[in-house]
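Below, chain A partners chain B and then partners chain C, in two separate complexes.
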Partner chain A sequence: MTSPISDSENWQPSELERRRRAERQRKTQKNVLIAGISSVLVLGTFSIILVNSPGWISLRDTFFKWAYGVEVLPKVILGFTTNITLTLIAGSSVALLGLLLALVRTSRSPALTPFRFLATIYVDVFRGIPMILVILLIGFGIPALQIPGVTNEVLILGTIAVIITYTAYVAEVLRSGILTVHPSQRAAARSLGLSHFQTLRHVVLPQAIKRVTPPLLNDLVALIKDTGLISILGVTDAVRAAQIQTAKSFNYTPYVMAALLFLAVTIPLTRYTDRILRRSMERQNAQGLT
Partner chain B sequence: MSDFKNVKSRKRPIALVALALAALFLSSCSSSSEDAAAPAEGCVAGELATVEAGALIIATGEPAYYPWVIDDAPESGQGFEAAIAYAVAEKLGYGKDAVKWIRSTFDGAIAPGPKDFDFNLQQYSITTERAEVVDFSSPYYKANQAIVSFKGSKLDGVTDLAGITAAGAKLGAAVSTTSLDVIESQLGLKASVFNDNAGGVTALKNKQIDGLVVDLPTAFYLSAVEIDNGIIVGQIDGSDAGDSGFGLLLAKDSPITGCVTDAVDALTSDGTIAAITQEWLANTAGAPVLK
Partner chain C sequence: MSLSPSALLSVRDLKKTFGSEVVLDGISFEVPVHTATVFIGASGSGKSTLLRALNLLEQVDDGVIELDGEEITAVDIDPDQVRRKLGMVFQAFNLFPHMSVLENITLSPIKVHGLTRDEANERALSLLERFGLREKADQYPDRLSGGQQQRVAIIRALARNPRLLLLDEITSALDPVLVNEVLLTVRELKEEGMTMVIATHEMGFAKQVADQLCYLHGGKIVESGRASDVIDRPKEPETQEFLARVHSAGRL
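For the complex of A and B:
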């Protein structure tokens, strides 16, 4: 067996290929150089304009006084735990309820007609009204009714209000995902003998959720920040904790510290989701690229 | 040597002119301070370096609350802070017509950069920390903090500060207030923090908190008007200690800070501020003091 290709011991790229490679390498080096110069120029110009603007010192002292930021950080972190706890509770509830709502809205069973109708009204209403009103209505409105046995604990009521609003958003995202799955997929699954539920579970939802993962992540990040809106009920979250400190000193650095905490959670979350998504795409396309 | 002498002799006329000018300036000042308008010393009445020449732009919150401003209409001069603002304006040589009102948020007023008002009053407490970022006039009012509650609450019948902790009461306050500081620093309790007093009042009505801490004049208003069966549990003794009082807020290094402070001081010493306090905040005496 002496095929010319498998005889790799003495194989060398042709003269032409070597020239191609050299040319490619040269181009890459040139591009890196241009990108570097351009970045330095643009960022440099921005920093020079920033640092030389007349109010830079006062802006720096007002927003980026790090020593003060470190001093107030423990209080802001304490507030931030509220955001995280609420996000975990509200996020998981929203995922379940949103999925349920999306399934109801996309189902075609005649028995579910009244529920479809109600689900549509629910989404229309709660997606449209400002969340702050929902929070006030639930957080202050329900205790005002003075129904015996109903809690007036603002943390619980506030979380319920957040869940109500976000379920409406997430249901729509999931519904749009479900609608992107081509009917032939269902038909194929059913013809293979899968039940309606099995089709949903193994064919429709995996494809649907994968496609809407980026917008779902959007909603999750927005949720982390919006949980802070329940501070209107008297709960201290990261932003409120920062506001309290700012009110004492008239210095905005605490807000910047709160922003850093949010970033510390949302950036890794985004990167992680991106990676999962890329992997699943690779898996999906593993057998034959068309 | 002769060169040195020359220089000296040439300098002398300049010094003389400067002296003459200074004398002129001083005499013009003293003569104007004898006028009926009586502006603060060193400040020319009605011609301060204000944001808009010939006018005095005064900012307050939106909405502005009773008893500080009546009916959210500072232009009427009705209400404690509205009256103070017009008194200061008059002292500075600006008549009622020269005063313009604008509204500002708490954050808008403290943001760095140029301001669109000459001074801002919405019960800003003077602290040294804040004074690094903005200018304050001398104080025009100093209030004790008081606890508002309702009949039958955990705080009903409490007569001292230890009783508040013993009752296990949950206290609330609005953000950016001395009231909040008093709960956390002086009483050592964890406060429920609201955007404004309106939020705190709602929570109190719903019994989600047991007491709301506000300054004493506001406490009288809330307990009498806003809250059903409202009571003032009492003033918190010494709660004004860490507080230098309410000051007029000006931009950092504003050219008119000195003049405004002089005007407030003059109004304090001639009894005008006491009269305004008597007119608008007279009913604040008589709340029990919690020690």
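For the complex of A and C:
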């Protein structure tokens, strides 16, 4: 921004500035102290209430029996691989189909009018029906049709049901992102000679997707958990595996193990996305606003 | 340097660095009430950073800024209270696109200064009337020309009755025809006695409104004085070179 000036290299802050810095540092230290004290107070109070409640001992034995938890962990993990596999397959399909749907809904081309109409109906319908009903309808309905050549595999049918529902959600999130990109951006891109598609690909979508990353991440985390819903068709996922163990032992620790597995995936995912977003915002935005 | 009794703003030894870059390198000046101080200088000479520092949008690394005799660079100062006395107009207008012209102008008077909606509307409409924008009150900023948008931005700053108006290269994003309407507005404010600190590339305008002109170069005020002196009879070689370049670009 400017030329560095030689005599500023050995510039020493004035007495006043040194005082100001010391004062700012004192303020920061005070804030850290306050944050620490308030955290200890709040968390401490919660733990004391929890540990002193009358049923705490029996609750601890039924939900947090760690030795038993470790024993059943392999089975729960095996179920959890189903959740992860389904999330990867469904997630990538949903991203593609949702994007396609969002593009169709935001396009102005007259040739696409019937598709725009159909896309709107699709979103209205599948966003409105509880996913568990979609899973039941497809998981039990398709095999009942007995169409030759169509699979009866519940795992595949269940996954398709999840994809159908989530595509409707994600398409709407992406569409809202696309609509928030200012028309002047499109004008600038088109005036540089970029085609409609190139404009979408290089100018509109990168901005739109960045803006809707937090809600998309919401949907991804929800997807990881909702893949478990296809267990009603008889697929063994982490929750179902835990349920089987619990039914044998009448101890709920396997559920807690399943919950920890989900958290082990979703928390790092959230932190990672937050970091990427923050970095890209720091790079692009002007600094210094209070 | 002592604070003269009529100085509204007093800046002493202001320093600001971004990493290893020194952006402001010991800036000192005073702005007496009802006067305009104009900063000229090449892009990157520190003009914008200076104005942002005056509005407490940048934390300075050293030095003192006093407004109305109060040190606003003190650590325990409340920036919101300071900004109640200041109006700022930006190069890129920075109007809120989701609000109508009237809503843009009345937002701060209602939310910050506690006016009722009726009072704020009345005041906003009379300002719009005065600057020939009355019929745009219910339009949205994107539908206005650049010059109109910038005049709305000026009115938005004025509607809060600021003690001091900061204008940051407010014509740089406008074409010459529109520049004129905006500069005319500023000249009117000057005649009414508004105290202003202005960063600009328009030398002719600088000459017309400046009570004090400062040439900023490498984060320092290289030369300052009466506008006609600095522009027509620059003493320092850096100023001469800068003005020669401006001249050859046909902007004088």
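Rule of thumb we're sticking to: the second predicted complex is superposed on the first by the 275 of 290 C-alpha atoms of A that agree within 3 Å, B and C clash if a C-alpha of one lies under 4 Å from a C-alpha of the other, contacts with A are read in each partner's own complex, and residues count from 1 in each chain.
The criterion applied here is as follows: contacts are C-beta pairs under 8 Å (C-beta built on N, C-alpha and C of every residue); 3 or more make two chains touch, one makes a residue touch a chain.
All figures in this text were calculated on a predicted structure; none of them were measured in a lab.
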Contacts of A:62 with chain B and chain C, given as first, second, both or neither: first
Partner chain in contact with A:24 - chain B first, chain C second, else both or neither: second
Which of chain B and chain C A:52 touches, first, second, both or neither: neither
Touched partner set for A:11, first chain B, second chain C, both or neither: second
Of chain B and chain C, the chain that contacts the larger number of chain A residues: B
Partner chain in contact with A:154 - chain B first, chain C second, else both or neither: first
Where chain A meets both chain C and chain B, residue numbers: none
List of chain A residues in touch with chain C within their complex: 1-5, 8, 11, 13-14, 16-17, 20, 23-24, 27, 182, 287-290
Residue numbers on chain A that touch chain B, as the complex places them: 55, 58-59, 61-62, 140, 143-144, 152-154, 231-236, 240, 243-244, 246-251
Interfacial residue positions of chain C with respect to chain A in the complex: 13, 15, 17-18, 20-23, 25, 44-46, 49, 52, 56-59, 61-64, 73-76, 79, 97, 218-220
In the complex, chain B residues that touch chain A: 106-107, 110-113, 127, 129-130, 132-134, 172, 175-177, 180-181, 192-195, 199-200, 202-203, 205-209, 252
